[in-house]
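Here the chain labels run A, B, C, D, E, F, G, H, I, J, K and L in written order, and each chain numbers its own residues starting at 1.
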Amino acid sequence: MTDHVYKQVELTGSSPASIEDAIQQAVSRASKTVRNMRWLEVTGIRAHIEEANVSHYQVSMKIGFTLDD
Amino acid sequence: MTDHVYKQVELTGSSPASIEDAIQQAVSRASKTVRNMRWLEVTGIRAHIEEANVSHYQVSMKIGFTLDD
Amino acid sequence: MTDHVYKQVELTGSSPASIEDAIQQAVSRASKTVRNMRWLEVTGIRAHIEEANVSHYQVSMKIGFTLDD
Amino acid sequence: MTDHVYKQVELTGSSPASIEDAIQQAVSRASKTVRNMRWLEVTGIRAHIEEANVSHYQVSMKIGFTLDD
Amino acid sequence: MTDHVYKQVELTGSSPASIEDAIQQAVSRASKTVRNMRWLEVTGIRAHIEEANVSHYQVSMKIGFTLDD
Amino acid sequence: MTDHVYKQVELTGSSPASIEDAIQQAVSRASKTVRNMRWLEVTGIRAHIEEANVSHYQVSMKIGFTLDD
Amino acid sequence: MTDHVYKQVELTGSSPASIEDAIQQAVSRASKTVRNMRWLEVTGIRAHIEEANVSHYQVSMKIGFTLDD
Amino acid sequence: MTDHVYKQVELTGSSPASIEDAIQQAVSRASKTVRNMRWLEVTGIRAHIEEANVSHYQVSMKIGFTLDD
Amino acid sequence: MTDHVYKQVELTGSSPASIEDAIQQAVSRASKTVRNMRWLEVTGIRAHIEEANVSHYQVSMKIGFTLDD
Amino acid sequence: MTDHVYKQVELTGSSPASIEDAIQQAVSRASKTVRNMRWLEVTGIRAHIEEANVSHYQVSMKIGFTLDD
Amino acid sequence: MTDHVYKQVELTGSSPASIEDAIQQAVSRASKTVRNMRWLEVTGIRAHIEEANVSHYQVSMKIGFTLDD
Amino acid sequence: MTDHVYKQVELTGSSPASIEDAIQQAVSRASKTVRNMRWLEVTGIRAHIEEANVSHYQVSMKIGFTLDD
């Protein structure tokens, strides 16, 4: 893995269930167009509130993937 | 939603169960005195440790709400 | 608790299950060599991706403990 | 002005016209309930986009005011 | 809007007229290739100087847009 | 102390004597309207200068207090 | 422009009119003593408030200029 | 160069030789798909360690390029 | 001092008297196990509040020391 | 004070006595060459350690002063 | 590598030759007492100046290593 | 060295050769007007790109020097 070049993209995933599910939603959506994803780093956690309850989490993240040669 | 003025307050919620529950505890408590809460942004995640186990999470957040006209 | 001196160490815990479990993994491992742990503060949340799914979370944290006199 | 205690509140103002007008909207709204405002510090500039045009600016700021004795 | 995945791109717009116009220049250019832009967040304001006058503003921003399903 | 919800307010205290006294001035003033203050975190230290001498310190801080149930 | 050495100075300009005018005020004043200014970067935007209105903007910036050989 | 719109992408280059070579690796790889690259800004320097020696450097950077009209 | 390797540890000292004394408390405690301490850098200043008075300061710091060859 | 242009310089003052005295040392030294100093903002607090005791504090600060017309 | 717990330590290495050599000096020194080092992250680059020349570089870094079970 | 007052200036040096040479270029140029330079701290690393190659590095730094009494 030592001589690769990586690219990072910044996405935000949403989920009413949990922070972890919001992360997975973004990864799943990204997999439609990006190959070779390796890791992600959370850059922000937000949530929307409706009638005094968290209605869904919004987790922003940078996803790194290997650029094919 | 374009011409509102929002105010943000900073709260910290606690829960032995999960990070998500600590967030909800703060939102529920805030709803006793604040109306029209719209979103929140997590600003810090801490936890207390007792006998080598996490005893409860403490999540700090900014909560934004619309100011009534 | 007012006149103690605390030391902080920085650890990273991993778990395929959840962010909370990754935190507990680090606390459990630290308890083998560190006594009197009091609190922790999350400093970063990362995850590894395998075949478009989060394979495990990596949570970095500072753990504070009281120095024995 | 040397021996006052100041309090800061964080607000977000909106305007379709300009960043300066969004700031003034927040100050005007705050003046309904806060006296003795002295200064503000911009903490973030955002905008909403509709059909490829900025529809309105959202400027967040801390507003400082003197606490009455 | 709760279950979308968003992507952010970072652009820099330029204008001799104003900060607001530099923002709009970037949004207009982005609209040629990006659909469903929703919001932007300013990440930096710079300007070029020629003969003791600001010749043009350069405003950097993150633009968020919904990913089509 | 594990299941409380805390609120933080941001204040600035002033004193010609010392940084510590400026902190105490803010805490004393806040105690007129806020109960159950627990801790504070310094967010900035400034000072005013008159004729080449520091005339007074201005210390900004976040003060956390327990919200009554 | 590749082999120059640049120096940066930090200034704050004021204007009752706009953020852009506050920037220009600082550049104009600096031009009395500094030659070869090339660019600036905004480091903070503040404003003073008088009777619930913004009375003037204060924009801080780093100004970069080429050092003559 | 005053009226262009720029886009930034974030890449990470690797090299066992030096930090400068890791930067060049990322620029060379990016040139396969991106035209008109103008500048880069280093956002992080990491390295992998094998048997008490740095095996390769990993340098992350934002690369800015002009968007064609 | 040019060819040493330094290590930094992060400690928090407490004192009811002053910020300076809280720093010294941490340095004194560290001296029981660490030799060759050279400098420290303050990373945070907090205080505990009891009945509207600062009861003690908590100052966090990184302490750097030379590693013996 | 509304239409002035300010310049900031960054200094570090030292003192074996206290943080406040280190600040005053820098202000006193600066007054030999700079007129119209108005305020300062602390940007860092460090200290040197000799034989397990703080030997002197080093406080870095930005000092702002009005530029004469 | 997914279920390890990592610890990070912060070191500063020095070298008159280059930034890369200063990094290697710290890694070599750490290897005397720490096993299983995996990666490092540069947290600061400084240099000492003697008679208008850089005499040696000082590079601070966090070094991560696996904790043995 | 304990009772000096230091001043910091911010410079940017350029070099097509290496990051280290860009640092030295700034130090050499500064030595024409500044005496008693002691240390520098890198605040940013950028590079210009021409035809898919790094044409020169631009390293920004704060340089600290002792103020003569």
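The criterion applied here is as follows: a contact is a pair of C-beta atoms (placed from the backbone, for glycine too) under 8 Å apart; a residue touches a chain by one contact, two chains touch by 3 or more.
Here the structure is a predicted model, which means the values were calculated and not measured.
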| item | value |
| --- | --- |
| Topological distance between chain G and chain H, in contact steps | 2 |
| Chain separated most widely from chain H, comparing mean CA positions | F |
| Duplicate of the D-G contact set - from C-I, C-K or F-J, the pair where over half of the pairs recur | F-J |
| Fraction-based call for chain C against chain B, same above half, different below | different |
| Computed distance of Cα centres, chain K from chain G, in Å | 38 |
| Inter-centroid spacing, chain H versus chain F (mean Cα positions, whole Å) | 44 |
| Gap in Å, rounded to a whole number, between the CA centres of chain B and chain A | 22 |
| Chain K residues counted as touching two or more neighbouring chains | 19, 30, 48 |
| Each pair of chains that touches, named by its two labels | A-B, A-C, A-E, A-H, B-C, B-D, B-F, C-I, C-K, D-E, D-F, D-G, E-G, E-H, F-I, F-J, G-J, G-L, H-K, H-L, I-J, I-K, J-L, K-L |
| Complex contact set, residues of chain C against chain K | 9-16, 25-26, 29-30, 48, 55-56, 60 |
| Of chain K, residues touching chain C in the complex | 2-8, 62, 64, 67 |
| Touching residues (chain side chain J, partner chain F) in the complex | 19-20, 23-24, 27-28, 30-31, 37-42, 63 |
| Chain E contact footprint on chain D (complex, rising order) | 18-19, 44-49, 52-54, 57 |
